[in-house]
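To keep things simple, chains are lettered A, B, C and D as they appear, and every chain counts its residues starting from 1.
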Amino acid sequence: MPAASTGTLLRKVGFGGITGNRTVFFIMCGVLVAMLGIPALHNGYYENLFRGILMFSTLSMGWNIIGGYTGYVSFGNVVYFGIGAYTSAALWQHFHQLNLLLAIVVGAIIAALMALILGIPILRLKGPYFGIATLGTALATQEIISNIDWLGGGSGFPVHQIDNFSLYYYAMWGVCAVSLAATYAIGRSKFGYALVAIRENEEAAAILGVDPTRTKVQAWMISAMMAASAGAVFAAANGFIDPPTAFASDTNIFPIVMAILGGAGTAAGPLVGAFVLTAINETLWGHFPQIHTLFFGAVIVLVVLFLPRGVLWLLNVRGGWRGLVNSLGAYRV
Amino acid sequence: MEFNLALQDLVNGILAGGIFAVVALGFSLVWGIMNIINLAHGAYIMLGAYLAYTLFTFWHVDPFVSIPLAFIVLFILGYFIQRYIINFVVRAPILTTFLLTFGLSLLIINIALVVFHGDVKGITTSYTGTNFAVGPVTISWTKLWTLVAALLITGCMQMFLTRTKTGRAIRATSMDIGAAQLSGVNVAHLYAIVYGLGAGLAGAAGVLVSLSYSLQPSMGDPFIIKGFVVCVLGGLGSVQGALIGGILYGILESFGSQWIGTGLQDATALVVLLLVLVVRPRGIIGKAVA
Amino acid sequence: MHVGRGLSYILLAVFVAGVAAVPRLAVGADENTIVFGAALAATGSYAREGALTKEGYDFWSDYVNVHGGIAVGGRKYRVEIRYADDESNPQTAAKLVEKFIDQDHVNFILAPYGSADTFAAAAVVERKKIPMVEGNGASERIFNQGNKYTFGVLSPGRKYLQGVLDMAVHLKPRPQTIAVVSANDLFSIEAAQGALDFSAAHGLKVVYTARYPADTSDVSSVVSAIKAAKPDIIVNGGRLQEALLMQRSLKEQGVNALIFAHSVGPDTPDFRQTLGKDAEYVYGGTQWASNAKYRGAPGFITDSKVYASEFTKRYGHVPSYQNAESSATCLAFQYAIERAGSLDPLKVRDALAALDVVTFFGLLKFDERGINIYKPMVVNQIQHGESVTVWPLGSQVRPPMYPTPPWGSR
Amino acid sequence: MTPFLRVVGVGMRFGGLQALADVTFDVEKGSVVGLIGPNGSGKTTLMNVVSGVYKPTSGSVQFAGRTIADVPTYNVCKLGIARTFQIVKPFVNLSVRENVAVGAMYGREGSHRSTRASFERAQELLEVVGLARVADRQAADLTIPDRKRLEVAKALALDPEVLLLDEVMAGLNATEVDEALQLLRDVNARGVTLIVVEHLMKAIMSISTTVVVLAEGKKIAQGQPREVVASPAVVEAYLGSRFAKRQGQLEEMRRQAEEAGAASHGESA
């Protein structure tokens, strides 16, 4: 029973290139620039909250490259987030290096190598097999690292923090901005079209001269670098890293829900998704301290049922409300 | 002495394999026939376990007796969840159903947290922990009966799928949904039955789990990835595949933990999963599925 | 402009407003209330232990408010504790502590449950220079970071199992061999390391040691290896779940030993309820027991038996050591604030550093790193369904039922 | 001078099924080869072998000094071989222009063509195949004939030297067939060698310079369209042996009648 290709779900919205709706993209750029002002508020909570949004946006954009554009739904990008985090922690623990930029760069390189090594065998798999292989990699990596004493074993280790704490906010902002720019650039470049061609129909893409394996591995390496850079900054900001924190399942699943909610396969989708989901989570958590996770589960169910193609898809739904309603039954049996 | 230890691990693996087989069978049915990765499978296992716990604590119903009860209750729950929720997106790409079942799982687990609170519960029957020795190997009665129950459950499932009309309709739908619809199969109803069976089997597996392991709301989650690995080892949609795969996985985990590293128990099984997937993307015995 | 575009702009506007209007809890801290912020697990894997901690905190705050509050510079202050669910997740704990300090302007911080969450919170309070007292994060690593603003009323993790071994070497017949296993997480590893160090120093031969994955669902291969090693003492570092799983597997494979000990579990009511008679004879290190014989300073319940009875009246179950250590956490603040005579964070911090007071929970005194290494831990054994203090001799209620009979003849 | 493209003893076996057996023929540069044969004769399989999608179980295809089987699928177009699919494979969620642009980006001249240049090239080709009017529409919304035109445009975007067309005219009405034939002639006029698989005899006859006929995976005839169609082997393959025998008898009678007629008039007509 061949399910519809991921392409039909990730229908391009908006016009001009595959970057998605241009107006929303520029709105989000504006929002991103506005976020530079957060540290000026001197409110630790807001800084922590918005640094979380920036982190999850970066992770979501990372996932978007391999899951949204290339159509390979990965459930293992947290591996690269963890690698980035552990690089930053190991640099401090063993080399007393606290240069954040160095941690980001080294973390990204190691993650890219890991994506290359893992990618070649795993990217040959399709659909659910690829999804679970990546999920398996995430669980296995967490357990393997918790048995490496040089990396702190099961108890993890601390990461020294500098006093000017806003630096971590700006570093995360930088990582997010670079990822957004990279996504937009990819969306307009030949490489971007190669990814989308693979998502739509891998065999036809090969006929048109796109080398599937090399392109997919490159996409996953970019994805890994984005995730690792977010991880490197997170480790320093968090002050402490152990396997469960570095490879948390929330860090694995939330970016995907955010990309879908915002509109995967577009440039600004992940950013929109990160904002909307964090807003929902914070307001739920604020009013229902005990049962907010319960509502959060309900939100995910509702989003998937009624908004499978993301918020940005609403921009171009044809035929007004009737179009909206009858498209909901598109996948019924 | 090493040999005795290896023998004991082999027995441990086989005994544990029973539960994995029943878990995988439910998972495999839903995936093989409806192409849905059911992340809520763990939540149904937890519900089955808590049902057995409640029946045991308040009405002193022996867990083995509550296996059919759990199956029926979860079957009904599964039927309605599929018919009126999942059916909306049942033919959507794998990503959508993956996230939908993830949301359902989060919902069910947190409802259970509110109802049963987070404390760790357990069932201790008169025979819990009793064991007997066969030469150097010690075998626990509970785990032995769990294996027997698992074999019974898989047997019944096999008979249902091959002997009954509905069973054949299910297998027909899995081969070609269009043809099945043409020959008068109400697929929405049938999918609801399949998902109900999957949830029912998870409920039954939950009871078996509650006999040997402690209960808390998120107890089901580790079994999802194990269910998947067993499906890949044993191949999709086949009952024998789930049974063989389950036993194989039990042995794998037991030996992996003993001889490779107690801390690497899950990692060993996952690495084997990756090797199998890369070498034979459709599982060892399984038939290719779209 | 068809409906899609209009709808989406409304949606974008809503969410920006939503995030901006993130719930700002009305903080009208009127002048004579001391506000504490406590990020506790209500969901996630620590949900149960988080609830126990909350009971300990609330019991203390109700008692203090009923008895007139805390005297600060001649004026009486009421006490209020504000809670938030940290989802048993260190990042959320850190975020909430920042929110309590920067947004809700709480006076002081009561720590979350668990070493990892406490560790993350400690990093925040260090930056914000607001003192935090914790009673549920036994990992010594928290105190090896040169933190000046975090204090732990409880004994460090490594002492959890050492008490049991100290008892063992004084018992006849003296056990010779030991197997030390633990879950692979921060606290459990330290508890196991404490046991290994003690064994090396006191001639106990370690015949088997291993770490199993935290939150694992199966330890049967570890247990078969223990059985093969035939140790006199079996010691398991882990949380409640791991203690239950290990004890059940040991019985299932018929593994016998002179002493069975778990770092966490025996003193928690759930352990006894779940295992029933299989929990008999199990030893456990515990921070406190209701039959401890300390005479507390005035200002709070002085005797642990009274604490136990009052607590049971209020919550309907005998207090576990998690409840007691949580109340002690607040007590540390109470005495420090009274001695500092001010709510100034720095003054209270210095008062905490210099604190030296006996309470129903035992001596509260912090070393230069901020952990209470002076309070001895007691060893409890489950005898006839009850958790009874059997060691050290000073606080012994009943002698240990030693050795533990084989499973067959119980 | 070695021939432009050589099919040498190509055999293709799927398990027990021998789809192609020892097929050999050469293709001249600039020619139009019509590939015909009844259903299931291996035409599409041969197309897949020539375009590198299938690796033949025996024999090989030689082009530009390379054995196609050794060249990975994605590099075949860079050598200059492009193809369309019998079952069309558009990028459903991309616009028509984007579909063609991908070919322009990754075809033979793709490497030194910027994204903008690729889009311009795509626009040109859309005009050539008559799809300019739907350039911005989603490929999913196209009619069958338009989808076939899109396949041709995507193949042309690869700047090919050899273009394989797999039943691009199936399902078209008469006028559409004429337009398609005209398009193919224009493309051929620009020096592109064509290999066309069709069932429409009228199309094949009018456009092919040579015709190759396959039956049950074997080559049964090759040559000028007129001769090949008349040969008994081809008729038998298409219409069965009985018909071929009768047609042979008719042929025989007609020839005898002509000889008799010529003899009686004493002079050639």
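Of note:
Just so it is clear, contacts are C-beta pairs under 8 Å (C-beta built on N, C-alpha and C of every residue); 3 or more make two chains touch, one makes a residue touch a chain.
As the structure is a computational prediction, the values presented were derived from the model and not from experiment.
The most central chain, judged by C-alpha centres against the centre of all protein C-alpha atoms, is A. For the pairs B-C and A-B, the larger set of C-beta contacts lies at A-B.
We define each chain's centre as the mean of its Cα atoms; on that basis subunit C and subunit D are separated by 78 Å. Centre-to-centre spacing of subunit B and subunit C amounts to 35 Å, using the average Cα coordinate of each chain. Mean C-alpha positions place subunit A and subunit B at a centre distance of 31 Å.
Note on chain placement: the centre of subunit A and the centre of subunit D lie 46 Å apart, centres being C-alpha means. The set of subunit C residues touching two or more other chains comprises 43, 184, 211, 213.
For subunit A, the set of residues touching two or more other chains reads 5, 8, 143, 146-147, 154, 290, 293.
Residue positions of subunit B touching 2 or more other chains, listed in rising order: 110, 113, 263, 265-266. Residues of subunit A that touch subunit B in their complex: 1-6, 8-9, 67, 73, 75, 121-122, 124-129, 131-133, 135-137, 139-140, 143-144, 146-147, 154, 253, 256-257, 260, 290-291, 293-294, 296-301, 303-305, 308, 328-333.
Residues 5, 7-8, 10-12, 15, 18, 188-190, 193-194, 196-197, 200-201, 203-212 of subunit A touch subunit D in their complex. Those residues of subunit D that touch subunit A in the shared complex are 51, 53, 72-78, 83, 85, 89-95, 98, 101-103, 105-107, 110, 115, 118, 136, 138, 154, 157-158. Residues of subunit B touching subunit A in their complex: 31, 33-35, 37, 85, 87-96, 98-100, 102-111, 113-114, 173-174, 176-177, 187-188, 191, 225, 228-229, 232, 261, 263-267, 270-271, 273-274, 277-278, 281, 290.
Interface of subunit B with subunit C (complex): residues 1, 4-5, 8-9, 12, 16, 110, 113, 117-122, 124, 128-129, 131, 133, 138, 140, 142-143, 212-214, 216-219, 222-223, 253-255, 257-258, 262-263, 265-266.
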